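Each of the next two complexes has subunit A plus one other chain: subunit B in the first, subunit C in the second.
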Partner chain A sequence: MITLKNIVKAYDGKKESGRAVDGLNLEIRKGEFVALLGPSGCGKTTTLMMLAGLLKPTSGEIYFGERMVNHVEPKDRNIGMVFQSYALYPHLTVRDNIAFPLRERKMRKPEAYERAREISKIVQIDHLLDRKPAQLSGGQQQRVAMARALAKSPEILLLDEPMSNLDARLKLDVRDEIRKIQRDLGVTTIIVTHDQEEALAISDRVAILNDGRIQQYAPPNELFGQPVNLFVASFLGNPPMNLVPGTIVMSGGEQTIATSGFQYRIPRERQLDAAHIGKPVKLGLRPHDMTLTGADDPEAIPMRVDLVEHLGSGKLVKVTDPNKKLESMIRLLTDNETDVQSGDTVHLRVRADKFHLFDMTDNGLNLMQYR
Partner chain B sequence: MNTVETAGLNRLQAASAPYKKPLRNVIYPYLFILPFSLLVFVFFILPAIATIAMSFTDLNASMKPHYIGLANFKRIFADYNLPEILSHTAVFAILSLAISLLFALIISIATQYFLKGKVSAVLYRVLWLIPSIIPSVVYVTFWKFLFDPTEGGLVNDLLHRMGIISEPVSWFTRGAMAIVILATIVSTVSGGMILLSAAINSIPEDLYKAARVDGASEKSVIMKIILPTLKWPLMYITISDLIGFVSSYFFIMLLTQGGPMRDTTTLSLYAFQQAFNLKYYGYGAAVSLIVVFISFILTLLLIRLFDFDQLIKPSRIED
Partner chain C sequence: MSTSTLKKALVHTYMTLFTLPIIAMIVWYFLAATMNFTTHEVSMRNFDFLIKPVEYDGVELPLIWPIVLNTILYSLLIVAIEVGVSVPTAYAFSRLDFKGKRAAMKFLFLMRSFPGITLIIATFFILVQMNLVNTYLGVILVAITGSLPGRVYIMKGFFDEVPWDIEWAAMVDGTTRFGAFKKVLVPYVFSGIGAISVFSFLGAYGEWFLFKLLIFNDDMMTLAGYLSKLVTKENQIVNYGLITAIGLFYTLPVVVFYIFTQKMFMKVNMGGAKQS
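And now, the complex of A and B:
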C-alpha cells in the first residue's frame, strides 16, 4: 500500500503561491490502478515524480507499505516508470533498452536478454528486439517503454501520460492492453493523465487534482454521479454539465430553486437544510439527465430550442427559456428519433434523483446527499 | 506580339502543358549564389590551381618558371630533412589532437552533465573561450613571456621564487615542441568544447530521469547515453582539428620559427619556409600539395573509422 501524507512541494522556496502540490493525502491499495487526473498545472506530474523519487517533497511523508521512502533513491524504490516522451535510450537496441535496468543491477547478460525476450512477448514486440528506437513507430516505442518499466518486476508502475502521443484509435487498444497487463501482473499502477475518458475507463479509483490538492478520490462511477464540488462536476463529463446560477427560496411552502429563467421545485426526499434558504447556488444538470416530455407534464419546464447538433449517436439540443433570461443555453442529449427543430417549444423534465446543487458561498461544495 | 497576347498564350500553355517554372524563378537562386561563387573562385579555386601548376615548375625569386615535371616531388622524397619533419608533424598533430579532444570531452561532460545549469559551469567554459578570442599575436606573445629563457620569464621567475631552480631555464631549447603543443591545445579546446557541450545539452532530461529510475551508474550514463550522442560531433571535431594541425604553421612560426634547429618544423611550416623565406615557390607548392594529400587520406580514414555511412543511411519506420 502506498500512503501520501500531507505532501507539499514548493518550487521556489517558501512562497505560498509557488506550491505545485499543497497538502496532498492519498492512499493506494496493493494491486490497485489509480489515475491522477486534472488540468495542466494541477500538480499531478509533480506528485508522480515524488512517488518515483525524482523529486523530493518539501514536507510530508511518502510510505511504501510501512517504509518511509522520502529519501530513498529511485532505483531502490522498486518502481518501473513510463515517461510521456518514452525516454528510450536512442543508441541502444530494443533488447538492450529493456535489459538496461537489469544489467545495471548486475544481472548477467544472457539472463537479462532472456528476461527482455519474455517481457517483449507480453507487450508483443519480440520481433523488434534488434531495432533501434528511431526505427520504431510511436506505438511500438510506447510498448518498448512499457517493457523496460516492467523488466525488473516492479512493485509499482508509474505511467506519466503514456498515451498522449498516440493517435485516438491506437490509444483505445493500448489502454486495454495496459489494463490487461496490469491485471495479469497485479502490479500497483499509478497513471497521470489529463484525459478524463482515459482515466475513467482504465482505473479502479481516480484522484481529481486541482491547485495542488485532491478534490475527490473515488471510483469513476461515484465521481461522475456524486461530485463533491463544482470543480469535479464541471471538469468531468462531455458534453459538460449545465450550471445554472440561482437562489434557494420558499415558494408555496416548498423549497424551490429560482433561476433567472425558470423555477424548479426540489423534491421532498432531497430537501436541504433550512440554513441554505436564501443563499446563492448553482444548479447542475448533466445533459443526459434531462428528457423532453409533453406539455401536460406539470413538472416540465417550457423551453425554446435554439440549436440542434447531430452527434451521430444522438442529438445535442441547446435550449433557453422563452423569455431569454438565462445567461447561457442548457444542453441536453436526446436520441435521433426525437424530432426537434430550432425554434420549437419543448418541455424539459429534470430527473429528480440526478440534479446537483452547489453552494456558491462555500467554494462550490455539493449540497446534495446521495443515498 | 504584345504583352497581353504573350500572357494569354502563357495561360493557354499552362492549361495544356505540364507546369513549367517561369525563367525568373529558375534564375533566382543562382543570382543569390553568384557573388560568393565568384569570391570562392578567385580566392580559393584559382590559387589552388596555381599551386598545382606551380608544383611542376622551378619557379623561384627570378620569377621565370620552367616546367620540370615531377622533379620537385622526387626532390621531396630525396630530402634528407623529410623523415625528421614528418615525425615532427606526426607528433605535433597526434598529441595536439588527442589531448585537446580529451580536454574538450572532459570539460563538456563535467560542465553539461555533472554541473549542469550551475553558474560555475558557465564561468569555467567562458574561461576556456578566452584563448580563442584574443588575437593570435597577443596570445603567442603571452606564451613567449611565460617561457622566456631569462630571469624575467614568468615560469622562471615563479620557480626561482619557490626555490626550485637557481638558474633560469631555457625552456624553448629544452622542450620547444611541448610548448608549441601546449599553446596550440589551449587555444583549440574551446571549439570542440562548444560543439560537444551543445550536443550534450540536446540530450532530453527525461533520459537522465529514466536512467535514475533504472538505477544506472554514472559510468553507464556516460558510456551509454552521453558518448554515443557525441559520435558525430566528435567525428567532425577530429577531422577538422586534425586537418588544422597537419596544415597549421602559424603558431609554430610565431613561437619558434620551427627551431631550435628543426625541432618544431612541421611539413606545412617547411612548405612555407621553402616558398616564402627561401623563395623556392615551385618546391614549396609541391610540399604543400603533399600536406593536402596527407590531410585528404586522413579524412577518408577517419570517415571510415567513424562509420559515416550510418549517419546518412535513412532509418526505417514500419508497423
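And now, the complex of A and C:
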C-alpha cells in the first residue's frame, strides 16, 4: 500500500500560492490501478516524480507499506516507470534497453537477456529485440518502454502520460493491453494523464487534482455521478456539464431554483437545508440527463432550439430560453430519430435524480445528497 | 534534357569549378615534393628527412621520429585532458544548480572570446615564476587554458539536448546519478565528445607558437615546430621541395584521422526519445 501524507512541493523561489503540490493525501491499495487526472499544471506529474523519488517533497511523508521512503533514492525504490517521451536509451538495442535495469541489479547477462525475451513476449515485441529505438515506430517504442519498466518485476509501476504520443486508434489497443498486463501481474500502478476518457476507462480509482490538491478520489462512476464540487463536475464529461447560475428561492412553499431563463422546482426527496435559501448556486445538468417531451408535461421547461449538431451516434442540441435571458446555451443529447430543427420550440425535462447543485458561496461544493 | 538533370548538371559544374583550385593545390603539393621544377626530374630525395637528420641552409634539423613521438604523445595527452575535464564540467553547467553558475558561465564566455595571445607576456612571466618554462606541463597548462572554455561550451550544448527523461529513466532503472551520466548520458553525447576530441587533437597537432615561446630544446619540439624551423630566417631562399615533403608527411595523419572520424560524425544517432 502506498500512502501520501500531507505532501507539499514548493519549487524554489515561489510563494505559498506557487506550490505545485499543496497538502496532498492519497492512499493506494496493493494491486490497485489509480489514475491522477487533472488539467496541466495541477501537480499530477510532480506527484508522480515524488513517488519515483526523482523529486523530494518539501514536507509531508510518503510510505510504501510501512516504510517511509522520503529519502530513499529512486534506484532503491523498486519502481518501474514509463515516461511520456518513452526515454529509451538510443545507443542500446531493444534487448539491452529492457535488460538495462536487470544488469544494474548485477544480474548476469544471459539471465538478463532471457528475462528480456520473456517480458518482450508479453508486450509482443520479441521480434524487435535486435533493433535500435530509432528504428521503431511510436507504438513499438511505447511497448519497449513498458517492457523495460516491467522487466525488474517492480512493486509499483508509474506511467507518465504513456499514451499521449500515440494516435487515437492505437491508444485504445494499448490502453486495453496495459490494463490486462497490470491485472495479470498484479502490480500496483499509478498513471498520470490529462485524458479523462483514458483515466476513467483504465483505472480502479481516479484522483482528480487541481491546484495541487486532490478534489475527489473515487471510482470512475462515482466521480461522474456524484461530483463533490463544481471543478470535478465541469472537468469530467464530454460534452461538458451545463452550468446555469441561479438562486434558491421559496416559491409556492416549494424550494425552487430561479435562473435568468427558467425556474426549476426541486423534487421533495432532494430538498436542501433551509440555510441555503436565497444563496447563489449553479445548476449542473449533464447533456444526457435531459430529455425532450411534449408540451403537456407540467414539469417541462419550454426552450428554443438554437443549433443542432450531428455527432454520428446522436445529436447535440443547443437550446436557450425563448426570451434569450440565459447567459449561455444549454447542450443536450438526443438520439438520431428525434426530429428537431433550429428555431423549433421544445420542452425540456430534467431527470429529477440526476441534476446537481453547486454552492457558489462555498467554492462550488456540491449541495446534493445522493444516498 | 529534363529540368532535373539540367539542374544536376549545373550543380555539378558549379561544384567542380569551385573545387578545382583546391584539387590543383593538392596536386601541386605532391608534385613539389617529388619533382624538381627546373630539371623536371622526379625523385624521392626530399624525403631523406625520414631516415637521417637534415641540414639545410645552416638550419640543422634533428631526426624526425622522436619529434613524431613527441607530437603524438602531446596531442593525445591534450585530447585526454580536454575531454576528461570538459565533459564533466559541461554536464555540471547543463544539469546542476550551484552557486555562481551564472557568473562562471559568463566568465567562460569571456575566456572564449578573449584573444589569449594578448596575455602571452604575462603568461610567460607567470610560468617563469612557477619554474614551468621549458616543460611540457607548462605548455599543456597554457594550451588547455585557452581551449577548455570553448570545449565546455560545445559540450554544454550537447548536454542541453539530452532530455531529462532519459536521465531520470536511468535513475529509476537502478543507476546512481553518476551511473546515469556514465552509462546513458555519455553515450548519448558521444558524437559531441567525438567532435571536441577532433578539435582538441587538431589544435594540439598544429600547436607551434607555444612550443616556440616556451620550449627551448629542439628535442622537445613537435612536428609543427619542426616545420616552422625551415622558414625562420629572413631573406632565405626557401626550399619548397623540402618544405612540401615534410608538409606532406605532417598532413598525412590528419587526413587519415579525418577519413576515420568523419564516418563517426555522419552516423550521429539521436533517436530513441520522442521530443515533445
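Definition applied: the second predicted complex is superposed on the first by the 369 of 371 C-alpha atoms of A that agree within 3 Å, B and C clash if a C-alpha of one lies under 4 Å from a C-alpha of the other, contacts with A are read in each partner's own complex, and residues count from 1 in each chain.
Here, contacts are C-beta pairs under 8 Å (C-beta built on N, C-alpha and C of every residue); 3 or more make two chains touch, one makes a residue touch a chain.
Bear in mind the structure is a predicted one, so any value in this text is a computation, not a measurement.
J.: Put subunit B and subunit C onto subunit A via the superposition and say whether they clash or fit.
T.: With subunit A aligned, subunit B runs into subunit C, so clash.
J.: What is the contact status of A:85 with respect to subunit B (first) and subunit C (second): first, second, both, or neither?
T.: A:85 sits against subunit B and subunit C alike.
J.: Name the contact category of A:140: first (subunit B only), second (subunit C only), both, or neither.
T.: In the superposition, A:140 contacts subunit B only.
J.: One more residue to check, A:105. First (subunit B), second (subunit C), both or neither?
T.: After superposition on chain A, A:105 lies in contact with both partners, subunit B and subunit C.
J.: Which of the two partners, first being subunit B and second being subunit C, lies in contact with A:270: first, second, both, or neither?
T.: A:270 contacts neither subunit B nor subunit C.
J.: Would you sort A:74 into first (subunit B), second (subunit C), both or neither based on which partner it touches?
T.: both
J.: Could you look at A:213 and tell me whether it touches subunit B, subunit C, both or neither (first, second, both, neither)?
T.: neither
J.: Just subunit B (first), just subunit C (second), both, or neither: which does A:54 touch?
T.: A:54 sits against subunit B and subunit C alike.
J.: Which holds for A:165: it touches subunit B only (first), subunit C only (second), both, or neither?
T.: Touch partner of A:165: subunit C, not subunit B.
J.: Kindly list the residues of subunit A that each of subunit B and subunit C touches, one partner per complex.
T.: Common to the two interfaces on subunit A: residues 52-54, 73-75, 79-81, 83-85, 87, 89-92, 100-101, 104-105, 132, 134-135, 148.
J.: Taking the touch rule as given, give the residues of subunit B at its contact with subunit A in the complex, in rising order.
T.: Touch residues, subunit B against subunit A: 204, 206-207, 209-217, 220, 224-225, 228-229, 315-319.
J.: Hey, which residues of subunit A end up touching subunit B in the complex?
T.: Within the complex, subunit A touches subunit B at residues 52-54, 73-76, 79-81, 83-85, 87, 89-92, 100-101, 104-105, 132, 134-137, 139-140, 148.
J.: Could you list, by residue number, the parts of subunit C that touch subunit A in their complex?
T.: 163, 165-166, 168-176, 179, 184, 187-188, 190, 269-276
J.: Note which residues of subunit A are touching subunit C in the complex, please.
T.: The touching residues are 49, 52-54, 73-75, 77, 79-81, 83-92, 100-101, 104-105, 132-135, 138, 141, 148, 152, 158, 164-165.
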